Every structure is written in structure tokens, then in C-alpha cells.
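Read through the structure below, which is laid out as C-alpha cells, and then see the notes.
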Amino acid sequence: MRDVQNELDTRNIPVDMVGVRSVTYPIVVLDRENEHQSTVGTFNIYVDLPKDFRGTHMSRFVEVLDSHNKKITPRNMSHILDDVRNLLKAAVAHLEVEFPYFLRKRAPVSFIGSYSSYRCKFIATKNEHFDFILGVRVPVMTVCPCSREISQRGAHNQRAEAYVQLRMKGLVWIEEIVEIVEGSASSPVYSILKREDEKHVTESSYDRPRFVEDLSREIVLKLEIDDRVSWYKVEVTSMESIHNHEAYACIEKRNVSS
Amino acid sequence: MRDVQNELDTRNIPVDMVGVRSVTYPIVVLDRENEHQSTVGTFNIYVDLPKDFRGTHMSRFVEVLDSHNKKITPRNMSHILDDVRNLLKAAVAHLEVEFPYFLRKRAPVSFIGSYSSYRCKFIATKNEHFDFILGVRVPVMTVCPCSREISQRGAHNQRAEAYVQLRMKGLVWIEEIVEIVEGSASSPVYSILKREDEKHVTESSYDRPRFVEDLSREIVLKLEIDDRVSWYKVEVTSMESIHNHEAYACIEKRNVSS
Amino acid sequence: MRDVQNELDTRNIPVDMVGVRSVTYPIVVLDRENEHQSTVGTFNIYVDLPKDFRGTHMSRFVEVLDSHNKKITPRNMSHILDDVRNLLKAAVAHLEVEFPYFLRKRAPVSFIGSYSSYRCKFIATKNEHFDFILGVRVPVMTVCPCSREISQRGAHNQRAEAYVQLRMKGLVWIEEIVEIVEGSASSPVYSILKREDEKHVTESSYDRPRFVEDLSREIVLKLEIDDRVSWYKVEVTSMESIHNHEAYACIEKRNVSS
Amino acid sequence: MRDVQNELDTRNIPVDMVGVRSVTYPIVVLDRENEHQSTVGTFNIYVDLPKDFRGTHMSRFVEVLDSHNKKITPRNMSHILDDVRNLLKAAVAHLEVEFPYFLRKRAPVSFIGSYSSYRCKFIATKNEHFDFILGVRVPVMTVCPCSREISQRGAHNQRAEAYVQLRMKGLVWIEEIVEIVEGSASSPVYSILKREDEKHVTESSYDRPRFVEDLSREIVLKLEIDDRVSWYKVEVTSMESIHNHEAYACIEKRNVSS
């Protein structure tokens, strides 16, 4: 049977990235409390394609993914990318996977427990070097400092999301990023709040107003003093309660000292 | 050329609705202030297919749509559905179109003007009878009455959306539904708010706290006394600032008196 | 602390449904092969609210959900809804949960195994009666019969999705609905296909052309003769490769014989 | 009234980008045939914020946007960004706007006319220099060369989308990018196709099979010889009819010769 993909391409144009997108697959990730957590990953996997070949072999991406038995850790992603490079004879392999990650959290006063979900992302690239980015989206509450200051009563507030991406020299847990963001916001959000909790969240958030600029800076202050973090990008998006649009702030570390 | 769609089907199963979905088309709708407004519609158009035919003729749906020169009004939709029924020899024709609709609005204190956008929907069905539903999504602000009551300072609030659907005996403008919803919420939202406006929105919304239950009931109170409204469905969804999920309330008129 | 929700409401308007939406929670569902499967659910949970009460107690929905230890089965959903009704003193409780469900599937010729994902939905309502709907979205391939017939070579084809919803008198597995749909389409889709598989899928699908009308009718033929099925709604949406819009067909069983 | 945003910030962290997101606004863009076209834009507008200031003034972004009377052209975007920089005392201003753009297109054999919609994007940044990127998403049809080659009959095909982004030295119309992409694919897609057109599209696309790699390379071949194009990024995503995931290829010009 002819191998059309393997034929010589004379157009003289290398393809930077080629592969599969939006492959939904069951995965198991590391969990600080419980060792492992079963969840659902959505994968993009690519390689480079040299100018001389007409096409890549798309089936091999999912074959490699399937051969690793659902396990998705930073270390394992390096092995997956090695396998992808070998099987596809590629110089560079790239993998992105997004997944919901659950943490058990307690309400601040009643201590009632419930799960909070955080959308996480691993972004890995391997040529000679292995590059790994951890991304975590943390929903929080922000109270507007301007609204609080100028108003005689109340202050507009809303759900916001901080999306933190890190490159690391030492392991940083998803749980730690969640703690950094929740400790920097006006308040964490919770899946269950009894009345005593709601009173606490309302009052304590009113006492810690945060612009999107404030929240992004507070997060950066903590990342800057963490030796394990070699690069970060912090994006905060706030679903303004007084507008039908979002407020946004972004800070990215420029000089990567690794 | 064989007409496969037109062939006899012996499976003895009528198809309730068959047609095209997500057709994006430029449209012009009625505007109370400016007579007409150009916008972008996303259409679903269906007919019934009797048990004896294998398929419908999909190209004819867009042909009819195109022949009406972008004009989308309640009256015109009746004509479009007549044309669809005739061209496709169908007993029933159904059309849904969603579009963003813009209104010029002034900030409450500074009176600075800006556009607000509202996602609207027309849902029409024609057999012997013509049925028409107008749907309007209105973003607003809700302040939580419980949070305000139990807290010494502040009150959690958030953006919410009321989705109002109406059947009418007399014309109700999109603009009127917007007014009803915005007048029922803790506050309208705005595209531009200067500081004096933000103070006003913060304080006045604090003085008018609304659960999703309250907002849906307040809207219903106004629809109930409007002679032009023969049926309504009111849904309120609030993007809770203290949770990572939504609160929701729904009230539908049961006895349609027409 | 005042219980604002519990206060008397004098507006005289019952709320049909009120509750929480888009609560993401880890769940475990039944799996025909492996007994259980861990996945991620997105929940909407509602109750009715009598005219005399101002609000429902939103925290209790997630408390009930959390108390059931992730287990989501038809039987368990009945218990969850009982708990919701009791805790919220409601006449009616309603729960919807969507989740990705994974099946191990083999390529048709090479027999290489991989996971396929299917978005599923449970929709349950309980008053005196317990009503349960199972929904399964099955991606498949459809080859256009008209294109094949009128063209000298080739035939346009595309990914389509059948969304099947059932009410049952006896248990129907998700796996069985997948088999019914995949056996009715031009071809199943697969996560991994080697070249010999791709040849098989291409040729066999060319030999089984299906309009959206055909696919919906073929599925209905099988559901009609299944004694366990008391009601069905079958919707097929095809991402037409020759258009930038979708084709759609829908058949719903009218007379529920239970 | 206190100007909280204007207060001194001592955290010593500049914010790279801060502003508003997802502002929906009516716009008018240039149209090669008809001079102007009314459509709907979704805007993100940002500035940099020096380390010494606590916050930006969010209302001014929409004020500037509103003051330009809906007109969105490359030249006008430069003026908008100047106004944003001046009003917000910023060194850098950034604006992105996405909008659907409609072209009148004729079916290939019957010549029946209809509108096709293309999602377009302008991305502009201004400091001392004005940088402008035009992005156009063009839906097309791709027939798989491997499937065609190895199969005795048929060939799997699907809707794909090419997303082309350009930096220009001379004006390139949206219309020209559409022509380049549609001329490079297996076939354009159309809103209306009669049977004679469907036969033509089926057969002609079968005669021009294209992998995502082929389509991206064919587009690049044409951009490479166009003197007006100083940089490009071409991404092709194909909604594989035989899989439940996408195939993807990306080529970006590395050496910008301007």
C-alpha cells in the first residue's frame, strides 16, 4: 500500500508544527494529598516536518499517547515526547494537555468540605532540551478598590480568574499555585458556603479590595521570591459586575534566569 | 441527474424537523429609534419531511433566506416561512435566528453615551398558524440580599443575565424588554462608567438587592400586567462572585390566554 | 443571623425552577466492561420554590451532591433527588449531569485499541414519580448519498454527531446506544486508524451513504423494536464538508407507551 | 472624589498589558466591492502600566472606541491607538478586534449567489512604531490524499479552516486572502450548492487532494512571492471525518524582511 505521507516533497517548505488537536483521553495526574487523581485530558500533539516529506503519520501520535497508560506527569511527558520524536523521526515534539483538577477545600467558618475544580494545562516541548510549562486557572473574587473608596456603601465585586503559567527549576505543585492566587485575591471562591461563611467572605473580601492590576502584582511578588520559578506569565481576567465586558491584566517575566 | 432526495422512502418514519443549522448571514432588523439596524444573524431553518420521501433539498433553505434581502422582521419571517413551505412542499416550517442588537445608552450621572449589546432571538414556526417568539438576553448586576443583610460591610454582587422569551398579541419592542429587565435588577450594566457613575451604580445597586428568584419575579410582575404578552418564559442566570458556578431561576407562564 | 431566603414572599409568584448551574464535580459512573469509570460531571440541580418563600438555599444542592461520594447512577440519582427534596422542602427536584465517557475500541482491520470519548447526559426529575432520561452523543461519519450518486468519482463526507435521548423501562447501557448509532452510520470514527483501517473505513463508508435523514431513521428503526425503550429523541447534526454550516434532522417518539 | 487608580504604587512591578476584553461594538469596515460593510466587532484594548501607578482608567478605552464612529480600518486603528496612548498616558497601546466579514460568492456551475462569512481579526500595537496584523479564517474542504490513493472507491474529506495572519508592506484585501486559500484547498465551501454544483465540488475536490500539510504549504507558496507580505503565519485545522479530533499544521515566516 502506497505511503503517500512518506513521499518526497519538492515545495521546499518545512512545516513548523503538524499533528493532532482536541484528542480527549482519560488520564491520571499527580495529586499532593492522594498521590494520583483520575481526570480527563484534551491533547494537542505536534512535531516538525522537514521540507523533504509530504506528510506526517497522524495515527502514531495517539498510539504513543495510548501506550503510556493514562499517566501524565512532567517526567512522563518527557518520555512521551521522546517516543513521539522517535516514532515520527522528528527533531521537535510538542504536547499540550488541558484537564480539570479537583481539590478538597473547606469553607472558612463552617469548615464544610467540598471539591473545587481548577482547569490546568501542561505545555511541553522536546528537542535536545526539554521545556515544560505548568498552567493553572484559579477562579477567585475581586472587590473593586475604586468602587469601595468612592461609595458610601457597598463595592462592586465579581468572579475573576487568574491564569498562572510557570517554568520551574524545582517542582511546584498545582496546589501551591492555587494557594498563591487565592491568598492574593480579595477572597477565594467555594463550592459550598453556609451563611456564616458567606458573611465571612463578604466582609473579608471588602477589606481586601483588588484591581486586576493589584491581583496580578500580588501574585508576581510571591513568584519573584520563589527560587523554583524560572519564568512566569500571570494573566487576570475579571468578569466585571458593572459592565458586560471583562477587565484584564498581564505580567510576564522577561529575563529568564535558569 | 438523479434526485436521490426525492426517492420513495419505505422505512415508514416521518422526520419531525430537517434542515440547516448555524448559517451566518448579514441581516437588517427593526430599530425603534433608527428604523433599521444592520447586524449578523445565525440561522437554523427546518421543515418536516413526510414518511414517503428520502430527503429534503437543503440548498433551498438558504436560497429562500437569500431572496429576502437581509430583512428580518416578525412579518417578514412569516413570508420566509411561507416560501420555505412552498419550495420544499412542507406542512411545517421553522426558523430561529440569533443576533446581537445594539442600543445607545447613557451613563446614569455623567450621561456619557455608549453602545450596549443584547443577544436576541426570533423563533418562528408556521403551519396553518404562525407562531412567533421574541427572546432577549439582558446582562445586569445583582446584589445578594442575604450577603447584604448578614454582613457588616459590603455585599457580594455579580453580573447576571435575564433571558426573556415572549409570545405577543401586540408588538413589544426589544427596547421595552431591556427596560423591564434593567428596571427590575439591582442595576443595569454599562459600557462606559466614569467615577461618579460608578459611585451611583455601587450605591443604588446596594439599595436594591436581588436574588435570582427576586429578579425573575420582578420581571414577571411587569409582564403579567402587559396586555400584549400572551406567554413568557423568564430565566435568570447569575455568575456568582463567591462561587465558581451559576445561580439560576426560571418562571414560565402556564396558561396561555390568547 | 437572619434567614432572608426563608422570609415570606408576597408577590404571589411561584418559581418553577431555582438552583445551581455548571457545578463541576468528580464522579464515578457505571461501566459495562469495568464496573466503574471515573470521570468529570457538570451539574445543574434545581427545585421548585412555592410562592410564599423568598429564596431557596443554594448551598444545600452542592451539600447533597457531595454527600453521595461521587457515585452517579440512575438509582443513585433518585436518592440524590429525594435528599434534595427533603433538605429543601421542595415538591420537585431536577438534576442534569453531563460527562465524557470512554470506551475501549479496536480499529476495524489492524485491531489496534484506543479510547473513544462520548459526551453523555443524565436528566432526572423527581416529584412523586421518578423520570430519567439517558442522553448519548455519538460522533460518526456520514457519506452523502446524493453526492455519491451524481458524481463520477468521490463523494463528500464529514463528521456527524447523533444525539440520542431515551426513557427506559429496562436498563439500556451507554455502550448499546453507541453500538446502535455506529451500526447505523456510514462508518464509526476511531482515535487510531492505520493505513489498512483507513482504506476499510473509506471504502465501507462509500458503500453505506447516509443523509442525516437516513441516519436518524436507521437509529429509530432499532429503537422502535427495543422493548426497553419507552421514549426517544434522535437528533443528527452533520458538519457538512461542502458548506460552512450544519445539516440537521430530528425524530421524536410521540406516543409514550409505558 | 479620590482617584485610586492614580495613586502611587510601591510594589515596583510594571504591568505589561492592562485593559478591557470582549467589548462588543457595532463597526464599519472596508469592503473591496462595496466600499463599506457594517458588522459586529469584539474588542480587546490594552495599554502598559508603569510601575508607579496603581491602576489604569478602564472607562477611557471604550470612550476612545466610541469616539471613532464605528470606523475600523488599518489607518483608523493607528489613530485609535494614538488616542488611547494620549488619554491613558501610556507608552504602548494594543488593540484586537474580531468580526464576521461577508462576501458575495457564486456557486461554481449554477452561478447562484449567496453570502459566505469569514471571521477576521485586526491586531494592532503602537509605541513609536505601528504594527498591524490582518488575520482571516477561511473555511474550505480538504480531501485526504492517502485515503484516495489507497482506497478503491471514495476518499475521506471534511471541512477544514485555514487561519492566515499577515504583516504587510502594501495593502492586501481580506478578499485576496480568501482567494489564495480557496484556490489552494481541495475546494471552496459554499452557502448554496445545487445538484450540478455539488457534482462539480465532489469531483474537482477528489482531483485535488490536500493534507493539512499540503494546504498550508500551498498557501505559503503564494504568500512567499507576494511583495506586499512581510510576515505570515498559516494554520490549517481539519475536522477529520474519520476521527473525533482535528488534524493541524502551522507554518510561520521566520525572517521578517521589511
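Going in written order, the chains are labelled A, B, C and D, and every chain counts its residues from 1.
Here, a residue touches a chain if its C-beta (ideal position, glycine included) is under 8 Å from a C-beta of that chain, and two chains touch if they have at least 3 such contacts.
The structure presented is a predicted model; accordingly, all values stated were derived computationally and were not measured.
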Interface sides of chain C and chain D: same vs different residues, half threshold: same
From chain A, the most remote chain by mean C-alpha position: B
For chain B paired with chain C, centre-to-centre distance based on mean C-alpha positions, whole Å: 25
Interchain centroid distance [CA atoms averaged], chain A/chain B, Å: 35
Set of chain A residues in contact with two or more other chains: 1, 23-24, 117, 146, 150, 191, 193, 195, 199, 243-245
Chain-level touch network, classified as line, ring, star, complete or other: complete
Residues of chain D that touch chain B when the two form their complex: 1, 3, 23-26, 38-40, 59, 62-63, 66, 100, 102, 112-115, 117, 191-196, 199
For the chain D and chain A complex, residues of the former touching the latter: 1-2, 4-5, 9, 11, 13-24, 44, 46, 49, 54-56, 58, 62, 145-146, 149-150, 211-214, 216-218, 220-221, 237, 243-252
Of all residues in chain A, those that touch chain B in their complex: 116-117, 139, 141, 143-144, 146-148, 150-159, 187, 189-191, 193, 195, 198-199, 201-203, 205-207, 239-245
